[in-house]
Amino acid sequence: MTSAALGKDLLGLEELSRDQIELVLDTAEPFKEVSERAIKKVPTLRGKTIVNLFYEPSTRTRISFEFAEKRLSADTVNIASSGSSVEKGETLVDTARNLEAMRIDMVVMRHPSSGAAKFLAERIPSNVINGGDGWHEHPTQALLDLLTIRGALGKISGVNVCICGDILHSRVARSNIWGLLKLGAQVALCGPPSLMPSGIEDLGVKVFRRIEEAIEWADALNVLRLQLERMKAGFIPSLAEYNRIFGVTQGRLDRAKKDPLILHPGPINRGVEIDSRVADGPNSVILRQVTNGIAIRMAVLYLLAGGRPDSAELSKS
Amino acid sequence: MNPPENSLDILDAGEISRALERMAGEIGALAGGTDNVVLIGIQRRGVELAERLGGLIQTTRGPVPLGALDITLYRDDLQAIGPAPVVGETRIPMDLTDRFVVIVDDVLYTGRTVRAAMDELRDFGRPGRIALCVLIDRGGRELPIQADIVGHFVEVGSRDRVDVLIQEVDGVDSVRVVRGSGR
Amino acid sequence: MKPVLIRNGRIVDPSRGRDEVANLLILDGKIEAVGADVGAPDGADIVDAAGKVVAPGFIDVHVHLREPGGEESETIATGARSAAAGGFTGICAMPNTNPVTDNAAAVGFVLKQAAAAGGARVYPIATISVGQKGQQLAPMGGLVDAGAVAVSDDGFPVMSSHLMRTALEYAQTFDIPVADHCEDQALAGGSMHEGLMSTRLGLKGIPSAAEDIMVARDVLLAELTGGHVHICHCSTVNSVEIVRRGKENGVKVTAEVTPHHLTLTDEACAGYNTDAKMNPPLRRPADVEAVRAGLKDGTLDVIATDHAPHHYESKERDFDEAPFGIVGLETALSVGVTALVEEGVLTLSALIDRMSCMPARIFHLDGGTLAPGKPADVVVFDPHAKWTVDPGAFQSRSRNSPYAGWEVMGRVERTFVGGRIVYHAAGQ
C-alpha cells in the first residue's frame, strides 16, 4: 500500500506511477455513491481547513473542488486573486508564508505560471493540489477524464485516445498524455501545427495532421477548448477557419466508421472546436465528466489527507 | 492455507454454521417478526455474514432486504491509520426511516466501527430501531456499545487478534486467535 | 610597493608560447623578468608557487555590475572583488545599469567606483543607443574618451539593422568592438530553450532560430561595413557555424561563449530551477558539443561569463517571473578545468588563452600576457585543488549559480593587479 500512497501533494501526473493513478480512480468510485445520496456529506475531512487559491478566474473547477471539499465536511475558504504580473512572484512567497502561519491543512491552487504549484508545495507543509499551473499540468482534470473513459469503455489499456486542439497551451493535454500513457493507452494529438509543442512526439504520442484521420483512429476524442486569444495572437487565422479544418463536426463523425466517445473539459465553444449536436449527442460523456470531477476531487483530497505513512498501525475496531 | 504459527483456531465451520442458525432465529425473536427488518453488513466480512443470515431467515420467515456499509469515511482515526485504505462499497437498499435495522459484523471489539456505522446510517434516514448482531464478541470495549445478538463470546489478551475467516473471502470458515501481534 | 617573486610555479603564457616551471619577478607593478634563474631582490615578498600554475590574469569581457540602480544584487566594488576571487584581473562592465551608461559622466562614475574598489580592473562598456532604446546612436566618441572600451546594448538586441550598420561603421573611428546580444525579439518572449524540456515543463520556449537569425544578420553587416562585431554568449550549433564561415570569409567577427553554455543543457531547468534560467538559455547536448568545438578551433575566441547577479529574493519566484541570469566569476576557472581540461576538450594552455590572452587581444586591452614590461596582472592557481561550490561563500553579493554543490577542480590562490595582491585565498 505504501508504494501507491500519494505523498504530500498532487502536482501532476508526470511524477505519478501507474499504481498511484489507479488508486485515485479506484478510490473515486465509492465517492460517486456519496454524491447520489440524499445527504451528500461524509465526515471524513471534518475540521480540516482547505483554501482554494485561484489566481486565474475559474468557475467550474473551483465549484467542483468546493463541492468535493464540503461533501467531505471540510471548512473551505476561497481566495480569488488577480494580481498584476509584476507582483505575482512576490505574492506567491508571501502567500505561502501566510498560509503556513494560518495552519491551513490543504491548498488547491490555480496559477497562470507553470511550476507555481510546485513552488508553493516546496515551501509549506500543507497538502498542495495543483488546480492548473500555466501550461504545465491539470492533474484532477486528467484523472476525471481517465475515470470517464474507463467507465464508458471498461478499460484504458490499449484504447486509442486522441486529444484535439491547442496542445501547445494546454495543461489538460499534458496531464492527459502522461496519465493515458502510464495506463497503457495509445495516445494521439491533432491540431494546427502552430499550436503543437516542440518535440511532443518524443513523449511517445502520434500526431495527426487532419481531424478526419484522428476521428477514424480514435476510440475516444478529448476535444479541447480553443481560446479566442489564440486567434488574436496570430497562431491561427480565425475561429471559423479552425472549425472548418479542425472542428469535430457531426458531418465528420457521420462519415467515420467508429463512434468515438466525446470528451471536453469545458466550457464548450459551440461551433468552434465542436458542434452542438456532437456535444449533446449520444456519444458525449461531457456531463459524466462533470459528475466524475467531484468524485475524483473527493478521492484526491481524501488520499492526501489520510494519515501519515510512518504510522501504519491500524486502529482497533 | 496454513494458519500462522502463533495462532489457534477456536471455531470450525460446523460451529460457525450452528452459531449463525441460532443468530438468525434470535433476530426474528428480537424484532417480533422480520417484516420490517433490514440487515446491513459492515465491510468487509460483515457483508457476507449478513447475506448468510438473510439466507437462513428467508428459509424460515421469508426474504429480508440486505445492505452493505463501508465505514472508512466515518472513522474517527483517519489521521492515525497510515496510508488511506481503499474505500469499499456502500449499498443501502432503501430509506431506513422507521425500519428495524440490524447491523451485522464479524468481530465486536472496541466498538468504534459500530459507532461509525451508526453515524453513517443516520445519513440514510432515521431508523426506528438499530440492533447489533455479531459473530464474535471479544470484549475490550472503549465505547458504551453492546451487541444484542452474539454468536460466541471469546476471551483473549489485549495484544491478541481475533480473525474471522469465511469461505466467500478466505476460502475457509474459521475463527482464529493470533497471539501477541497486537493491532 | 614591494617587489614580488613568484617562485617555482608552472608559468603558462600562451601569448608567448611558454609553458615551463620558472620564476616570475614583479617590480614596480610590472612584470620584470620570467625565467628559471630569476632571483629575488632584497626585501621582496616570496610566493611559493610549487605545483601551482602562474598565468596572465583572466579577463572577462562580459560582466554585469549592478551599480548604479541594482546595488542589492552587486556593486562595482563587490563585483570587482568577486572577479579577483575568480582569478580575473580585468572585467568589462556592461552598460545596462539603471540609469544606463550612455554618457561620459556615467562612464566616469564606473571608473571612479572601480578604482576605489581595489579588485580587478573594470573597463566600462557603453551603450550603442541612447538609453538602450535601439533608436538613436549614443555619443560614441565622448564615451570612448571617457574610458569606454566597447559598446553594447546587451540585455537587449539591436533590432534595427540600420542602427547596427551605423554603429559598426561609426565604431571604426575608435577601433572598438560593437558587441551584440543576438536575439530576434519577435521570436523571443520565452523563458527557456524551446524543446522537449520546455514542452514537459509547460514553459514558453525561445527557439535557437531567434539567436541564429541575428548572428547571421550581424556577420553580414560586419561584412558589409568592415566593422568589428563581437557576438555575445554564442549558444547554438548554427551560431558557431555562421561565425566560422564569417571568419573564413575574412569578416571581422569575434565571439564569446559562457562556461554554462559549455557545460549545461536545458535539463538543468528541471523542477523549475530558476538558477538555470538565463538568456540565451541552456540548450541541447548538440549545442554544447558545437560550442566546445568552436572554442577549441578558435571560432569562438573567448570565454566570457555573462556574470549576472540577482538578489536571492528576485530569483525566489515562479520560473516565468524570475529574472534571467546567473553569476559566474567565481566558478569560471573551476568549471573550465573540471569540464574542459580534465575531459580533454581543451589543454590548460588553451583554456588560459581563451580566458586571458584572447580577451585582451580582441578588446585591445592591456593584460593577457606575462611579457616583461607589461602590467603585472597575474593569477596563481592550483589546478588540482578540489572543492565544493558554495554560493553562500562567494565574494559576490549574489548566490544565483547552477553550480551550487558541484565538486570541482581548480582553485585560485592569488590574484595580482598591477603587482598588488587583490585576492588571497584563505589559508594560503
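Letters A, B and C mark the chains as written, and numbering starts fresh at 1 in each.
Here is the rule we use: contacts are C-beta pairs under 8 Å (C-beta built on N, C-alpha and C of every residue); 3 or more make two chains touch, one makes a residue touch a chain.
Everything numeric here is computed off the predicted structure, so don't read it as measured data.
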Chain at the geometric heart of the assembly (C-alpha centres): A
Leader among chain pairs (count of C-beta contacts): A-B
Cα-centroid distance, chain B relative to chain C, in whole angstrom: 77
Length of the line joining the C-alpha centres of chain A and chain C, rounded to whole Å: 46
Mean-CA-position distance for chain B and chain A (Å): 39
Complex contact set, residues of chain C against chain A: 194-196, 198-205, 207, 271-272, 313-314, 316-322
Residue ranges of chain A touching chain C (in the complex, touch as defined): 14, 85, 88-90, 92-93, 111, 113-116, 118-119, 133-137, 171, 174, 197-200, 202-203
List of chain A residues in touch with chain B within their complex: 1-2, 4-5, 23, 26-27, 29-31, 33-34, 37-39, 41-44, 72, 302-303, 305-317
Partner chain A, residues of chain B touching it in the complex: 70, 73-75, 77-91, 107, 109-110, 112-113, 119-120, 123-124, 140, 142, 183
